[in-house]
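In what follows, structures are represented as structure tokens.
First chain A sits with chain B, and in the next complex the same chain sits with chain C.
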Partner chain A sequence: MMNTATQTPSAAQRFKALCARFPFLPALIILMLLFALNGFFNANTISARGITGLFSTYLALMFLAVGQSFVVFAGDIDLSAGNILSLVNVFIITMMNASAGDGATTLGIMALGVLVGAGCGLFNGLLIAALRLQPIVATFATSIFFTGIALYVLPVAGMPAPMIYWQTYFASFFGLPFVIYVVALLLVLIFLFSRSKVVLQLLAIGDDKQAAFQSGLPVTATRIKGYVLCGVFASFAAFCLTGDTASGDPLVGSAMTLSSVAAVVLGGSMLSGGFGTQLGSLFGALTIGLIGSLVYFVGTPASWQNFVQGLAILIALMVGILISRRS
Partner chain B sequence: MITKRIAVFMATTAMVATAFSASAADFKIGLSNGWVGSEWRTQMISEAQEMATMWAEKGVEVDVVVQSANVDVPGQIAHVRNFINEGVDAIIINPNSPTAFDPVFAQAKARGILVISTDAEVSSQDAMYVGIDHNDYAKRTAKWLAETLDGKGSIVTINGVAGHPANEMRVEGYREIFDAYPDLKVVNEVNANWEQAQGQQAMQNILATYPDINGVWVQDGMAAGAWRSIMDAGKTGDIAATGEIRKDFLDIWVENGFTSAASVNPPGVMASALNVAVNLLQGKELIEPANKGKYENAMYLPIPFINGENVKAVHAELEGKPGYYSYTSVLSIEDATALFK
Partner chain C sequence: MSKLILTNVSKSYGPTRAFKNGDFALEAGEVHALMGTNGSGKSTLCKIIAGSVKPDTGTVTLDGKQVNINSPQDARALGIGIFYQELSLATNRSIAENILISQVPLQFGLFVNRAALRKRADQYIDLVRDVAGEGFHADAVVANLRSDQRQLVEILKALATEAGILIFDEPTSALDRVQVKRFFEILEKLKGEGRAMIMISHRMDEIFEISDRLTVICDGAIVATRKREETSPKDIVELMVGGRSTLADDDGPQLRTSSIKEDKPLLSVKGMRGAGFQNISFTLKGGEILGLGGLHGQGQSAVLRALFGAAPIHSGELYLKEEIYRAGHQRRAIRKGLAYVSGDRVRDGVIHGRPIQENTVPIHAFRQYLFLTSFGDLSPKLEGALAKLSTKFEALTSSIDSLSGGNQQKVVIARWLIDKPEVLFLDDPTKGIDLAAKADLFALIRELAEEGLGIILYSSEDAELLNNSDRILVFNGGSITRELAGDERTRFNLYDAAYEVAS
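So, the complex of A and B:
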């Protein structure tokens, strides 16, 4: 008894220190638990094939959530992220179908796709940071606007992606599936951004906009940068989605926007800004995916699946808060 | 202590889960529905589940597993991957996108899983479609409207979601018919996103803008909203407009003697698809291969038609059903089996 009494606080303290240093830790714990539960109910989900499937399905949401984090850090929000994804998806699909379809042109078209995403982000940023429109309503409006453009580019879902494109997405290189390399790339990007000036500035603005302004931070320019980065990551998400779906669909991304916001929050970031990690957002995206699968694998009746899924997300959110508070 | 509790929890849930899934079924069929916004979808799932139990009387055990939730396209791709991981024999899906499932259906087929889409056609050549032809669905009511108006006058159309494949096929269908009547003018086409309230709002605006309108072509639940506006404006007797198939609507249709007609997209399409799936899983071959539609992988089911002549009979058939219940029709086990060699 003596031993446990003296050890427990020190263990808790150590955990607290860890959580302070790595705010994504609660999200990681929840993710691991969900992963284990999924594997328990269906062993195939934790096989190499199952994990590859999980990544190919949710890579797009992972990128979108990481992108959403940039604006959430500053206390902003982007409700058009999923619609930017749709627009880039139909843009690259129609361009690819109009071109020769070899590797070099495909890469060129993807570069243009990044510009489209960045352009949409810049538009959002100018409306919000420069013209001072409220982010929720402004991006709600631009989400409809971007959908309108996407419908103009491709009026109805259906154009196929070139073989070279989606076969690469499902291919393996040096014994590892392509999507694993993309996950690795995303992790490197997250690592680099975690030490970047722009993320620190965004967090400072989210923490206290007035103080940030008074201490000489370029608040307007930084918020615009946040939206541009969000748009750029939405275009990366579009590349993944185009790989996994091998087609263009002008309405494909709209339902993903709120999932991306939820992923950011599940990852431990605060919607009011000033606190959060992008690694957490990545874990949050996978958490949303795994909850959906787990609800099915435990045998929830069809009419209760929405209810249980919503409840499970709420529980994940609460558990995350409990873990970080207790420590 | 906590680990012990988790272990106990996992063991109990596992027991519950096996209690649900342990059965010596001949075939396991996964049903995926990616949108739960209307009673039509709920009825679609429950009719398919009932149909599966009816196979037991034929000596075939069909185990049905269902994933039904509001998901985005990646979320529904996850449905399919979950079914693949579980090792089902067939997947029947009401897809959220016509094209986005091509790669994942190819993966399912590579593992020997039969994939059938219903209600909305898919481009994948690794899947087949069992459902109605949405183009024909629109043509029938458009033809009825044109003939009811003697081929002249001005009409408006109220459509679903712009860019949605079923909506685009329906729009294509009615345009083709109306184009053949030179004195019939389509003065406006609006979108009301398949929502009853938006349909009502759209109709109000239309009546304010074009008070002398003769006909309205409107689909599904929006029709109930549109007719409500027509009634509110006191124009019930002056306007011919298409209708829908829920009991609520049939009630007011019969009561007020609307000049209306409706093509039926029955919620039984998924049950019909299930009957086709079981026959295919038994290794049988279709007499007439499923090669219709623009993707050349479709098998079209008959579209029941309701108009002034049979609406009373249809309405009587639904006596005692709840208001949200849709008129349905299913390819029975016998009829489905008769399609095979």
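So, the complex of A and C:
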């Protein structure tokens, strides 16, 4: 119809096409920018050692954000994700301390930890998709509930993780740190899920629940699956956190819940559902991590760090919107 | 032998009986049209068959066996596919994903097989590719499509179910004539394969073109089923509206006699250009109804939206009552006495989930700078405006969503009538509303013109344009290609001008 199609695409148009194909592009640009800034203020941060440190600290948030994406895709939210993480953390710590502590038992306990995460997710999913409770309030309630269980399992923070566990986390294999393999595994999972039926269905449901139902999609079952996957990823996050902190803490995850939601949004996903990528969420999680370290390296006085960090996240969010608007 | 038989089916929503004692039979290899005013129960009947509404009583028999359809998934398993009037597309997904959303080809049962998805989607897309216009390919995101293209996706999605029974609820409302023609060719082919189709449309000419049998529903009850050869549009309309005064039918358009009183132009446009239109010049006089005609999406809506300030104007001069008028802000347009009613009620008109009262008052509140007011003061004004269109509603406090599409549109129009505007832009105002509401609407439009309003009417139904406008500007490719006035206002001339370049 219009004559625009006959013109050769301008740079802006090409960028737009690129953004449409890779919706996480703005998040990646912000991440690169932050990375460069970090390197500018402290050259150590862009060394292999610095990157490994960044990964080992923020791997838990990366997993949690990728897990949160499943429910956000469907237009839901999970405010208990961080509390599931805490519960799994104290669960595996107490189990490990009660057992022999060899490799096989540890793996067995981790498998049980995944079941705990999946069970929490299933509980959330049943409340929300089957009983039709509002996601925000329902998961707010279950977050308190899960914290209650975590406090019963381990009333005070501080029980140490077995040596074999955290030594593995900080070990190197074939010249590469263990966390790099975990990041690679996460990337593979993200790639596989990006092509999975369940993510496509979650996105379609997030777009318009009624339309998806009328199209014959199993809406309730799929939303429950989303919560279960979120719970499973929260347990993966718990494994990483346990490796990083090497101890059990029943309250460690609650502060991470909203960070995971923020990471999903910074990654370009819509909180109303229907649009987003998990790779973007991963970038979002790293963005939050890098903002934290940047604020520190710039030399912000301790009393102002929260203020500056909050401001920086707002700016990152705005830059992301500007980039995608421009396109 | 009948493929699908409904016996004594009924459905109530609370005290409202949406459908009662329905006996309906659908045969293999036929297109069966359902006719009825909006809110008569056509959509309810379709939804019962498609499984998204559960009937309270009655039985459904498919190929001689009694079946229970409890969900859309059940319906799909039984071979029933449906095209929904309120589109069921996921706007952020691609065309291919939407077409095959409920039957995505998989690898290892877990992963989407992209290549197969594309290939299968392309088979369906090929059916309409040459009439769909630019940007219609497997990977295109639905959000970027025009409304006619979205409707095509929805049609393809219904076809992709490969179901033996297909239900089409208003499948052609956004399509242009070439696209409709292609759609009908597809239906003819499916008929040949022995598939059965139910079709709902408010376009009488299309119904008579494609259907084999017609069933008329009135107030939730099936009134009659007729073979096409044995009936006429007039018959059907009479059955549908149950004796109410009808629209002038296609056989002999009752041309409007002009009510233009003064010669001074109310609104004049010179060389206006913007996104989707160029070189637009015309004048509108008080008391005149100016029609915009042509194929769908040739710039008619874009011009109206631009004049109202909802879309930018790149160049050109506008005069309102011989004074320079700068468009570009809806608020200024409203203050100056311009009014705009869109056919897309859902997007541009109705405030969902709010009472009728709140849906009627906003323009009045804005123009009168209302700050604090009382329900008691407002009610008579609102009721007066609503009564002009004989809007049917329970109470001003009931939710707008409790009304049928036609009545919702009446509420949207009524909000402009409390303080009389100078110029009224009607952007396909009758889209998807029933015949009775249309008749009320056009009676009002004529009355407003008598009172001296200038009215610009864009309608995708030619009969409405021919019957109601003093002059018709025919659009093609974003420009006005012909002006039809007086005796030139004939169906032939309108088609001729519309197809001049497009075909």
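Just so it is clear, the second predicted complex is superposed on the first by the 318 of 327 C-alpha atoms of A that agree within 3 Å, B and C clash if a C-alpha of one lies under 4 Å from a C-alpha of the other, contacts with A are read in each partner's own complex, and residues count from 1 in each chain.
Note that in this section a residue touches a chain if its C-beta (ideal position, glycine included) is under 8 Å from a C-beta of that chain, and two chains touch if they have at least 3 such contacts.
Quick caveat: nothing in here was measured; it's all calculated off a predicted structure.
Enquirer: Let's test your reading of the overlay: on chain A, do chain B and chain C clash or fit side by side?
Expert: Verdict on chain A: chain B and chain C fit.
Enquirer: If you stack the two complexes on chain A, which partner ends up touching A:Gln309: first (chain B), second (chain C), both, or neither?
Expert: first
Enquirer: Taking the superposition on A as described, I'd like to know which of chain B and chain C A:Ser272 touches: first, second, both or neither.
Expert: After superposition on chain A, A:Ser272 lies in contact with neither partner.
Enquirer: Which chain, chain B or chain C, ends up touching more residues of chain A in the combined arrangement?
Expert: So, of the two partners, B touches more residues of chain A.
Enquirer: Quick check on the superposed pair: does A:Gln134 touch chain B, chain C, both, or neither? Answer first, second, both or neither.
Expert: A:Gln134: touches no partner chain.
Enquirer: Between chain B (first) and chain C (second), which, if any, makes contact with A:Tyr296: first, second, both or neither?
Expert: First partner only, chain B.
Enquirer: With the two complexes overlaid on chain A, check the angle at chain A between chain B and chain C, Cα centres, nearest 10°.
Expert: 130
Enquirer: A:Leu151 in the overlay: touching chain B, chain C, both, or neither? Say first, second, both or neither.
Expert: Once the two structures are laid over each other on A, A:Leu151 reaches chain B alone.
Enquirer: When the two complexes are placed on top of each other via chain A, what is the minimal CA separation of chain B and chain C in Å?
Expert: When the complexes share the chain A frame, the smallest chain B-chain C C-alpha distance is 30 Å.
Enquirer: Could you list which residues of chain A make contact with chain B in one structure and with chain C in the other?
Expert: Common to the two interfaces on chain A: nothing.
Enquirer: Can you name the residues of chain C that touch chain A in the complex?
Expert: Touching chain A: residues 50, 52, 72-73, 75-76, 82, 84, 87-93, 97, 101-102, 104, 106, 110-112, 114, 133-134, 141, 157, 276, 477-478 of chain C.
Enquirer: For the complex, give me every residue of chain B touching chain A.
Expert: It is residues 10, 13-14, 16-17, 20-21, 31, 33, 36, 42, 45, 49, 65-75, 77-79, 81-82, 84-87, 97-104, 123, 161-165, 168 of chain B that touch chain A.
Enquirer: Using the touch definition from the top, list the residues of chain A that touch chain B in their complex.
Expert: 37, 40-42, 44-45, 50, 53-54, 57-58, 60-61, 82, 151, 155-160, 166, 169-170, 241, 244-256, 259, 289, 292-293, 295-299, 301-303, 305-306, 309
Enquirer: Can you tell me which positions in chain A touch chain C when the two form their complex?
Expert: 1-2, 5, 20, 192, 195-198, 200-201, 203-204, 207-208, 210-218, 274-275
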